[in-house]
Structure formats: C-alpha cells, structure tokens
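When the chains are written out, they are named A, B, C and D in that same order, and each has its own residue count from 1.
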Amino acid sequence: MAFHTGSDKLEPLEAAAGRVRDGALVALGGGLSARLPMALVRELIRQGRTGLHVVGSAHSIDVDLLVAAGALAVCEESYVGFEQDLGLAPAYRRAAEGGTIDVRESCCATILAQLRAAELGLPFMAVRGVKGSDIRGLHPEYGEVVCPFTGETLVAVPPLQPDVALIHAPLGDRRGNLHLEQPYVLDERFAAASRNVIATVDRIAGFDEVGRAGITVPGHLVIAVSEVPFGAHPTSCYPGYAYDRPHLAAYVSAATAGGAALTGYLDTFVTGVPDEAGYRKVVGDEALARLGTWSDSTSAWQELYS
Amino acid sequence: MAFHTGSDKLEPLEAAAGRVRDGALVALGGGLSARLPMALVRELIRQGRTGLHVVGSAHSIDVDLLVAAGALAVCEESYVGFEQDLGLAPAYRRAAEGGTIDVRESCCATILAQLRAAELGLPFMAVRGVKGSDIRGLHPEYGEVVCPFTGETLVAVPPLQPDVALIHAPLGDRRGNLHLEQPYVLDERFAAASRNVIATVDRIAGFDEVGRAGITVPGHLVIAVSEVPFGAHPTSCYPGYAYDRPHLAAYVSAATAGGAALTGYLDTFVTGVPDEAGYRKVVGDEALARLGTWSDSTSAWQELYS
Amino acid sequence: MSEATYTIDEWFVVALARTIRDKETVFHGFGSPCAQVAMHLARRTHARDMLLVEGATYAVNPDPPFIPPTGNDVVLQQGAEYRMRFEEFFDAAVRGDVDRMFLSGVQIDAYGSTNVTVVGSIESPKVKLGGGGGGCNLSATVGSLSLWTTRHRAGRTLVEQCSFVTDIGHRTREGTRQELGFTGGGPQWLVTELGVFDYDETGHARLRQMFPDVTIDDVRAVTGFELRVAADVRTVPPPGAAALAALRGIDPLGVRRSEFSPVELARTFHAHTGAACAC
Amino acid sequence: MSEATYTIDEWFVVALARTIRDKETVFHGFGSPCAQVAMHLARRTHARDMLLVEGATYAVNPDPPFIPPTGNDVVLQQGAEYRMRFEEFFDAAVRGDVDRMFLSGVQIDAYGSTNVTVVGSIESPKVKLGGGGGGCNLSATVGSLSLWTTRHRAGRTLVEQCSFVTDIGHRTREGTRQELGFTGGGPQWLVTELGVFDYDETGHARLRQMFPDVTIDDVRAVTGFELRVAADVRTVPPPGAAALAALRGIDPLGVRRSEFSPVELARTFHAHTGAACAC
C-alpha cells in the first residue's frame, strides 16, 4: 500500500517540513530561478535540520541557503549557481572549497537515469556518457555493465530513491493533486521515484479547478501538502509571479560577503521570522505585488529584469 | 537531423500509406476498441501490402483484418481479440493455428521496456518479470544481464525501433502536431521510438487550436499526416465517436465464418471501395452519426452498447 | 430481481470483491467484466479508500454510469480523480506500488500459473487464445493476485499442468517465485463458480468455501489437480442487500454475465433472513 | 548603435550563430546568453527551419519578446510550437536526435574537453565552479558541439590540460570518443573573442579565423596548448546589417554582454562597404 490513498493531506508548513528527518536524502523540485521549494527550505532551516543530502539538476538559492545555514552535508546537484547573471553560489562555493560539505556533483541525465531505475523498479540503469568525464570519479557507487547484445561496456548507475521530494506548485487540492506549469524539470520523476512527496502550493483549490487546470503530480504520490502563498519566492512560480531578481542579487552579495552580512540575511528573512507570513511581511506586499506585473505587458515584464 | 522540421506534412492517405514498405516493422497505435489506425490499415490492404511485422499491446480488428487480407507475416502484439464481449480474433486465430503467420506474442510491459531502450538510446533494457513464463520461449532475441550492484540475473530485452508508427488522432495540424485524448496507450512511446510516425486525424485544424487542445505527439516526430474523418472507425475516437459495436460484431461473425463471408466483408468495406470516402459511404451517414450520440445522455451512450 | 433473490453471477462478483482490502491499489486487465464490476463494488462497499485503477484506461477511481462491453471506453474515465499514462501504471506495478491484480486463465494450475496464450502447443496450437496483455511481468511484481474463473465446472480449466504458462503463479518449472527473484506475493485467492480457494504454505490451491449448491465431490470431479480442502471449509457468505443493490447499479448492462454459461446463469439463490453479511 | 558600427559581443554572437546549419536541432545549456542569442539569431536569418530547443525550458522554436537574465523564465516559452519535458529532451539527445549543442568552459583543452566543475583539485578546490548540468552525458551523444568562450585573452581558459574534465571533447585520458563508444561527433567549432577554431583530423583545435584587431601572436600568447593555424586563416566575416538588426531586436536587455569583460566590450568595429556578409 505504497500509494497515499487518503483524501486530506492538507497540513501546516511546520508539520509538513517536520516530516523531513536530519540526514534525509532530499530531492529539490523546480530548477534555477523557477519553482524552488523555498518555503520548505526556509522552514527546514528554522527547525534546525542538519546533515541533508540533496539531489537534483540545476539549482541556486535553495541549495546555497541550506549550505549557509549549515543544514546540508552532501550535495549531488548537477549545478549550483546563479547563472551568468549573478555568478557562482557563494555559500556553496565557500563550503566546497573549505571542505565543509561533500560535493558529489552529478549530471542531469545521470540523475534522470537513476530516478528512472527507482521509478521502474530496476536495480540499475545503463547510461551512454559519463565515461571519460571526471564526474565519474566523484561517484564510486557507479558500476559497469556489458550489453548482452552488442558487447559494449556502459556505465551502470544504481537507483536513486529520495526519502522525500520537496515540490512547490502554483495550485493543488487537499488530496495532494498538484498542477504545475512547464518546465516541470524533474518534478514528475522525483514524485514517482521518491518514497514521499511533500508539497507546498501558492493556493489550495477544489478538485474540479485543479482537474481542469491539469494534474501534473497525482495526490496518491503526495503525503502532505501545505498552502503557502509565494512559497517559491524569491524564485518564480507562474502564472502567479516572476522571479525576484533584486532579492536574489541582494542575497548573492550578502552571501559573498559572508559573516555578518550573511547572518543578517538569514536573521532577517529566515530564522528571525517565526513563519512564512513573517517572511512575506519582511519582503513586503509591494515587492511581492510587483512580481505579478509580468503579465501586464512585455515592457512591464522586461522592466522586472532591467 | 532525425527530427522532421518541415512545416507542412499534410498529404493524401494514399501517399501516407505508400510510405509503409512490404515487410516493415509497424507499430499500431491505440488499443482494443479505441483509436486504432483503421483508415491506414484499410489503405495498406488496398495497396496490397504484404509481410508486415506488427508490434504493440492489446489490439483487435486492426490486426485481424491485416491477417485476413494476407498482409501480415509476424505478430508481436500482447493480445489480439475482441475481449469477453465478442471473443477470439477469428482470422488471427485461424492463421496462428494453421501456421500461416509467425506468432511472437509479447507482454505490454516488455514491449514498453523495448520501446524505452530505443527512445533512450540504450542497447538493452532489463525487465523484472518474464522469467518462468513460456512467453520467453517465443523470443530467442531476449538475453540476460547480471545487475552489477545486486548480482541478480534479469531478463534483458533489445531495443524495439519500429520502422513506422501508425497513429490516429482526433485532431492535428499540417505540421504534424497531434492532440490525443486519454488513454494514449503506447502512442507517445511509439512516436518517440519509431523511425517515423505516419498519422491520420479526423480533422486538420490550425496550430492555435491544436496547441490549445494540447499537443500529445509533437510534429517533429511526424513525417506525414492525412485528414480522414472517422479514420478510426469501427473503433472509437473521442470526443468524436464511440466504437461501433454492431459493426465489430458483424465483422467477427463474418471472419468466424471465413470464406465467402470474410471475402464479402473485405470486398464491401476495404478492397471493393476505392478510398475512405467510399468506406464511409458504405458504412452510412446514419450509422456514423449514431456513434456521435454518446454525448447526448448516459442512456444514449448506454444504448450504443445494448 | 429482488434483493431477496440473486443469481450466481451476482454472488460470484460479491465473493470476488471480498478479496480486496481497503486502501489497496487494485487493477484488473481488459476483457475482465467480473473483476471490473467486483472492483467498483468493493469501492462502494467495504473498500471505500481503495485506489481503483481501471484496466485499459488506467483511470484512477472513476465512477462510470455503466460498465461497457469494452475495456477502454472513455465512459470508464467518467468522474476519475486522475488518469494514469500506460507507462505510469506499469512502472508503478513493476516497482511494487500496485497491491492487487485480478487475473484469469483458460487454464489455471495448482500453484496459480495461468494460460491465456494457447491450448495445445504453440508450434501447432489447438486453440490460439487472445494473449496475456501485461500479465507475464505484472504477475511477477504486483503485491497479491486474485485469480478467478467462471468455467471451473467444465473440467478443463483447473489443470495439473498448463499447456503454456503465460502468467506466473507460486512456482513454475523454472522454480519458485523467490528463486525467480519476483517481488510480488503471487496468487492469494482463486474464486470459481463453484467455490473459493486460497493457497497453502506450499503455494498450492486449497478449497476454503463452496457455494451451497455445490459439494466437495462436485469440485473434486472437475479439478484437474489434487484437491486440497481446508479443515474449516464452509459456504460462501451470502451477499448483503447493500452489495446486491450496489452491484446492480454498477452494471446495468450485465456485462458480468457474459463470463458465464447459460446453465450457470440459471443458478438462483434466496437470501435467508439473518444470513451473514460480509459486506 | 548604428548598423555601420558594432561591438565585439555582437560580432561574436554572429560568428557563433554561423556554426548552426539549417534544419538542425540545436540546444544550449543554461547560463549561456551568447549561445542563446546566437540560436535565436540563426533561426531568424540563415537557419529558419532549424529546431531550436531553449535550454532549461525545453521550449521548441519559441519567439520570446526578450531574452531574460535567467535561463528558465517562462518568457522563453512565448510563442513556442511545443514544450518538451525534461526527459523528452534528454532522451532525444542521448538517442541522437539532437544535432548540435553549445558548450562553454572555464577551461577548454586542445581536444575540446571542458571544465565547468572545479579549478584546482576536487579534494581541495581553488575555485568550485557551478557544475556541468547535463554536459557529461550530452557531450557524448549530441551530433556536433559548438564550443565558445569570451575569456580567451585572459590566458587561463585554453589550457594544455583541464584540472577537471566535465564534458568530453575528441579525446580524454581514457581514450578517444570511438574508444569510449560515444555516438556523437564531438567539438566542431570553438569561437572565442579572438577568433574561430575548427578541429583537425586528429581532433586538435585549429585557428581558422581571427577578428581584425587580433594577430596570430596575440592568439598564441594566450593559448595554453599548441596553436595550430589553418593555411587559409582569414578574418572573421563581418556581420550583415540584417543580422545586426535581428540580434539587437532579440536581445534588448543585452544579456549577451554579461559574458564579456568591460575591456572587451569597448572593442568597436565599423562596417566596410561591400564587406562580405555571411548572414
């Protein structure tokens, strides 16, 4: 009875985040500047979670913030940074260079193969690449397999079954059905491969509305869902809001400075506020409302990034 | 340049079906009584195609008709029949028992694994089951692989890359974008794993309409698309029409009787009519219109199957 | 038909429905009217929190207004909470997220292996059957299997050895499920028009219940493998009024009846007041 | 800026766009503004039938009103013909349906292997870089690779040996692409702010074109591996007026400029009448 057949998974963010254990293998949904599960990340930090092992594709402030707060022990993402625009991930870089976190950098396609092994109930998957790349040296758990038909030797990777996938969606219902806008990134695969999905949604709606919008992640994969407006901020969650570039820039400079500046950011936006209502209050209604203006016009959208 | 980047793939059914060579490895879309590519099947028979090797999941009149017409040499479907309601597939059964076709019965999950190997560019895939089943004995091409991590021996299956996938959809555009209603059965996997997709649609629409409805199979996978109203008849293609149970029952009794009765069916509905317009004329506007009444009311829908 | 009177197809489906436990994720293959009706019946009676996956449409917990004669009609998606993709279902079943599947067979051996592929040899078939669909993988990994047949009395269904093994039971010529590395538990129940079997610790079928118009000798006479009988063998608990009402509402077309011979369909039963109700 | 005058970032992007052939399926990774703008430029000039796959959104042939500073903003899906799933793109790339990918690196060796993981050793990094995304698989199977860097002049980018190989070029310590069983063709072009390289039959980079304000000695001085120069080395063909106009329309925010140092951005060129136009 692995599927969650219950009809009401709605619970407070504190309880949902409380389901994540210290040292858990955590899949982070979304990617780069879009739909990162930031409310859950902030709550995990408030609850003092430690030793987390995160896996995923290309991520940014979610991982960097966990590192900055000392919540992360192992990072198995394919990329952590702020792209060309804002550059390297400061806390992640500092911890990696200082040896305070274990960096097991992976590749999007390899992670996908490992998630599929778990999703398909197979004890391994073969991958075409990886050979010749030093990424392979970071993964002693990889093996090799010889194709019984062609005789070629391929890199074999073990199943990746996260303890929990943290996913933020714009819309969902009490049963845990989630509607996402593309790009889904790895969220569908995370949901199917992980033991449990813990979700936050900007808005809880009735089943009919979610069904009409389209169910991307079915409720039977979800163990808990919490309603958290702007739960992906400062990253985007369309159609609600674009990403908050000024906020990310401010974070990056604080994290780059480190010390008091970084502590200041954490205190102001995470540990110093009791909950996400407090977070939204500090960010400010005006700043949040501004992120919804992307749909007013192309120039308004462009203005957000200028 | 494997993707078909052209913007206009619309062509007559005759030309589209003409792309299928004698002896081709053909994936048949849809399943059982839903969305079978019947217009293409009938046109292939009109063109006298022979030696076809069909693969897929659970099918019915599409395969049986190809067998009845002598167009089929190898059958690798997981099921061919008319369910509990109308029973065994008469022509298929007769040919199998007479040894005039090569029956390589497969399993839905194995076919899926083989299509995935092709879709993922892998030389093999492992499957959990099959062992202990005599189905394995029908497939000398299967092998075995030992998991490098658990040491367990699994059945390994080779990639399945059909020469062509024949798919019928209710809606599509000139670029070849197809909108399907669920169940998609294996059509998405067929489209990605096959060298080419040849599609028929009940109606060609503009890109905007197809995009709004939702693109299930993208045009870059499709080499040709033809507009054929009722192209899935006598099987269903919602939202347009339910399946024509009386027609299927008439076919099954003709095929069971064989000889003149079966020749009569082929002559009346396939070889004796020049094209699909001719087919629709013989079936009759009234019979076709009746299949659209499913949406009038539950009792009207139920009436179609009573 | 009144709720005080019911026919074998109704009682049979009720017995089949009882093999489902609440909160289970349950699937039936196509061409399985009795299993299909039994699943919807269970969900409306004792297993309201089950996750019902419709065979061939992969719709999750639909409420179809009627069961059609074909397994993949869109009517079977009506009111569904969700519609899985083909691969979404098969992946879930292979990785162990599907708790129960209904399987039948033209031949079924003592250990629950079934044949839906061919009677006679595959080289020169006596009868080429439809085929196994997804069974030869699903039977290896699904949590538990509920087997059924409505052709037990014919004497050719429960056999010493299947002429072809399509779906795997508790053991085959190649070994036990454990030796084959299968993750699923295999056959748990076998419901026939004569009675209900479970499987003993060796994986061999064992008669647990019989319909009241059937004797152990009747069953033995038409069972091709050694008939093992439970010490506490008893009558199949009669259907409750609620179950019968629900069943008749679910299947107005009576598609379940298509699995029974006319002779069997003539078997009619009368509810005894105070009869045990398991629903 | 007038069409008679243009800066290095504009000319560079035009040169990068020329590596794309019509009808190709082309992809760029995230954090790659120059490649991103180049792809949209190609599609609006000489490669109108290419299949453009946006990095990070996997949108097919979108017409975004502007290129944002982040790679997976929904603006990059505007007007798209189709939006691939993450796995839909990666599967296509691994099975060989993607013809070209743009890759960059903080270090690039003579055979086109790149490093975007770490400067120094992974055990004690000098600089921990962002990471490779999907490159360590994609570089093995995509048809052709167009490499680029805007940091050639710094002298630390084109190196004899990468301190860490993230993405695979024509050969690595473990062997050639053939020996590794890779199905993709590997690096075909390397465009830098100094000039354009192709790869000789041994898979070694070879200078083919230079920007007019650069000499071979300039290039040799900042190239860490043996500089091989084509016999017919020439000036990078100047951008055409149509290409410049298109480029400025595609990238009003000038995100492409974020890849260049201020010094480089000062490089301005004037169109000579009758200058060859490849666009």
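Keep in mind that, in the parts below, a residue touches a chain if its C-beta (ideal position, glycine included) is under 8 Å from a C-beta of that chain, and two chains touch if they have at least 3 such contacts.
The structure displayed is predicted, hence computed values, not measured ones.
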Longest centre-to-centre distance from chain D, chain (CA-based): C
Where chain A and chain C are represented by their mean Cα positions, the distance between them in whole Å: 43
Distance from chain C to chain B - Cα centre to Cα centre, in angstrom: 28
Contacts with two or more other chains, residues of chain B listed in rising order: 121, 128, 152, 154
Junction residues of chain D, two or more chains touched: 94, 141, 183
Graph class of chain-chain contacts, one of line, ring, star, complete, other: other
Chains that touch, pairwise: A-B, A-C, A-D, B-C, B-D
Sites on chain B touched by chain C in the complex: 31-34, 57-58, 77-81, 83-86, 88-89, 92-93, 96-97, 99, 103, 105, 107-110, 112, 127-138, 152-154, 181-186, 188-189, 236, 238, 242-243, 245, 294, 298, 301-302, 305-306
Chain A-touching residues of chain D, taken from the complex the two chains share: 30-33, 56-59, 65-66, 68-75, 77, 83, 85-87, 90, 93-94, 117-118, 122-141, 164-168, 172-175, 180-183, 252-253, 255, 258-259
Touch list for chain B against partner chain A, complex: 121-124, 126, 128, 143-145, 147-150, 152, 154, 156, 158
Of all residues in chain D, those that touch chain B in their complex: 23-25, 49-51, 60, 81-82, 84, 88, 91-92, 94-97, 99, 141, 183
Residue ranges of chain A in contact with chain C within the complex: 1-3, 5-7, 118-121, 175, 177, 192, 207, 215, 218-220
